[in-house]
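What follows is a pair of complexes built around chain A, which joins chain B in one and chain C in the other.
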Partner chain A sequence: MMSEDGWYPVALADDIEPGTSTGTRLFGRELVVWRDITGHSHVWEDRCPHRGMRLSFGFVRGSSIACLYHGWQFDAGGRCRYIPAHPKLDVPASIAVERFASAERLGIIWVFSGDPSGAGTPPGGNAETMPVRSLSVNAPAISTVAALMKEASLLVEAGASGPLLMLQACGEPVYIAVQPTGAQETTLHVVVEPGSDRQKVSLWAEALRHTLEAEPTRSGVTA
Partner chain B sequence: MTGLVLHDFELDEGCYKVRLLLAALHVPHLRSAVNMVPGGEQTRPPLLLLNPLGTLPILEDGAGDDTVVLRDAEAILAYLAVRYDAARRWLPDEPKAFGQVMMWMTFASRDLHAAVLARRHAMFEEIVDGAAMTSAARRAFRVMDDHMTMRRLDGDVWFVGKGPTLADLALFPSFALSRDFSIDHEAYPALRRWMRRVRSIPGFTTMPGIPDYH
Partner chain C sequence: MREAATIKFSGTLDPARFCEFLDHRARRLDLDTRLDGVGSEAVTVTVEGEPDLIDAFEMACSLGPANCLVREVERCAPALSRDAT
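For the complex of A and B:
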């Protein structure tokens, strides 16, 4: 991926129900995030090797994801195991989807961008959290983070490469994981500690989005 | 014609809203296929005499002088709910829920019209400002996603109340079909979840662009 190596958030774990998938982007690169029926989440290149269709348009069946176009089924290892048009074919191992190292932490699904041998674990420790929401913001990640710092007081910044902020916002400690979705788009994944007022934090986040998108564009130009 | 007749175009999301409710209510009806694209059949007599606006859907119910003729999906939905849903699940009587359903029905016909036009621009080359319509559709989807985010935090899964209503049916097609005009579902997690619930409504039917499975 065209980015600094590191862990990046791609979804709230709670938003990817077992047996479902979604598309997302990281630095503009299209990814599919899906969860098999046994509960394991996967982050892959969002592209069927057959005709290039986005796998996120397809559907999860058991522990496989199938392409909407021609039903090619890929197992959790990314290998194509079944081609409906050639039901007796022993599919060659070379037909596979690129997978990325991923993990769940703080109730967030993270993907590692870069050489996975040095991945380690995502930032944030093992604290128990409750999901609030993911929030798409029409602004670059760097200006979003800068504006975020002005809006709330920073509690902890976890790791230089980990885009995880812990803030004090509307009287609650709030974790915000920053996903640089595209050049002009950022997704903020918001979680809180158990017992927090999630409705209040969600409304705070909506107001925050309004502020972030109203920021003068010069803050984006410095990116 | 007698009985219930829907003048229908398979690819039109307004017609699809009506088909969804008819299926959910199990109301026997006839579907009269209209060549809307490319024919523009609804803009000429005889259909133009039923609806001078030259749009679909059009519903006819009854026979002879007592025949009810209605246009516009939301009006047709409301009529069908009052006429054929004795339990009033789809259009609640209770004032607050009724008001909220009407609010989202208005939103569906007014604010989501941009999504309808963006889709027609992408699929049928209708001459509108496609980029402006797509931006307006994104703003509307965000309003819906924010609403369903709060609903979820309150423990609810439908737009209004504790069960599916006309609000859900009126709002569903434009979002479900948004990939037709290049708006992906990725930025709307609460709507993705809601969309799966809508698919689980007994009698749910699909249309081209909305896969059967998910």
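For the complex of A and C:
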């Protein structure tokens, strides 16, 4: 789907409650992240196959998501099951939304970019975490990660399996999952271990964003 | 319930691009198609499938790809297949 194979974060799991959806981007591609009423999360192309409306603007109905525009309903398998204008129509399987392999780990929803048969599992093990916040940064992912590693001492780098950093920041171990939103935009998903001071880490993360956006490598142009 | 219809799209068409467009929409709507005539002024196609989806196909193709302008859509009875008696 995107430029480099691997697992990428797209949302904090707690931010997507059952029955809700949100839109995001990965390498510029628009995705809908939604959670059905049974608690399962899904990451799909954010585009209704009918008229191209963003599905993230739609409504979750049980285990389906319905497009805001004409109400086409798609089941958890991505297949259109109901078209309100043609209620008796047996909708063919060819009317479907592109889905991507996704999973939840460390309190983060991850999507796999590439051939899903080689997806494995997202990085980070099974540690219990608590969400802090997601932050958008106006800087490319590469320079954001480089600057992050200057700002805080690196404890663990997940390596090739995904953009996950574990840092020691303001006296707390902090996990930061890096989402390459677009060419010049990055989203950081911050989680901490239970018992950590989330407010302190949140303020640290906000200050970090100011630092990252002030980096001279932003947009490849020296400020 | 499957039905068949023959639809003639007339206008200013890029035949290759328009046929590619038809084929894509037909596959999306799970319709079988047979091209009966292809030209820069008209393309005639016989489609078979769910009636509602044939209507959707007609509507979608009346918009056409960016470099084609459909001025008229005419629906006629499907042509008899070769082995029909």
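A few notes on this one:
Keep in mind that, in the parts below, the second predicted complex is superposed on the first by the 215 of 223 C-alpha atoms of A that agree within 3 Å, B and C clash if a C-alpha of one lies under 4 Å from a C-alpha of the other, contacts with A are read in each partner's own complex, and residues count from 1 in each chain.
One rule holds for everything that comes next: a contact is a pair of C-beta atoms (placed from the backbone, for glycine too) under 8 Å apart; a residue touches a chain by one contact, two chains touch by 3 or more.
From a predicted model like this one, the values you see are computed outputs, not experimental measurements.
Of the two partners chain B and chain C, more chain A residues are in touch with B. In the superposed pair of complexes, A:L89 makes contact with chain C only, with no contact to chain B. When the shared chain is aligned, chain B comes close enough to touch A:L68, but chain C does not. After overlaying the two complexes on the shared chain, residue contacts for A:S196 are found with neither chain B nor chain C. Contact with chain C, but none with chain B, is seen for A:P49 once the two complexes are overlaid on the shared chain. With both structures placed on the common chain, the touch criterion links A:R133 to chain B but leaves chain C unconnected.
In the superposition on chain A, A:S113 makes contact with neither chain B nor chain C. By the touch criterion stated above, chain C contacts chain A in their complex at residues 27-30, 49-50, 52-53.
By the touch criterion stated above, chain B contacts chain A in their complex at residues 142, 146, 149-150, 153-154, 179, 184-187, 189-190, 192-193, 196, 211, 213-214. The part of chain A that touches chain C in the complex is made up of residues 49, 86, 89-90, 92-95. Here chain A touches chain B in the complex through residues 11-12, 15, 17, 20, 22-25, 56-57, 59, 68, 132-134, 136, 187, 198-199, 202-203, 206, going by the rule given at the top.
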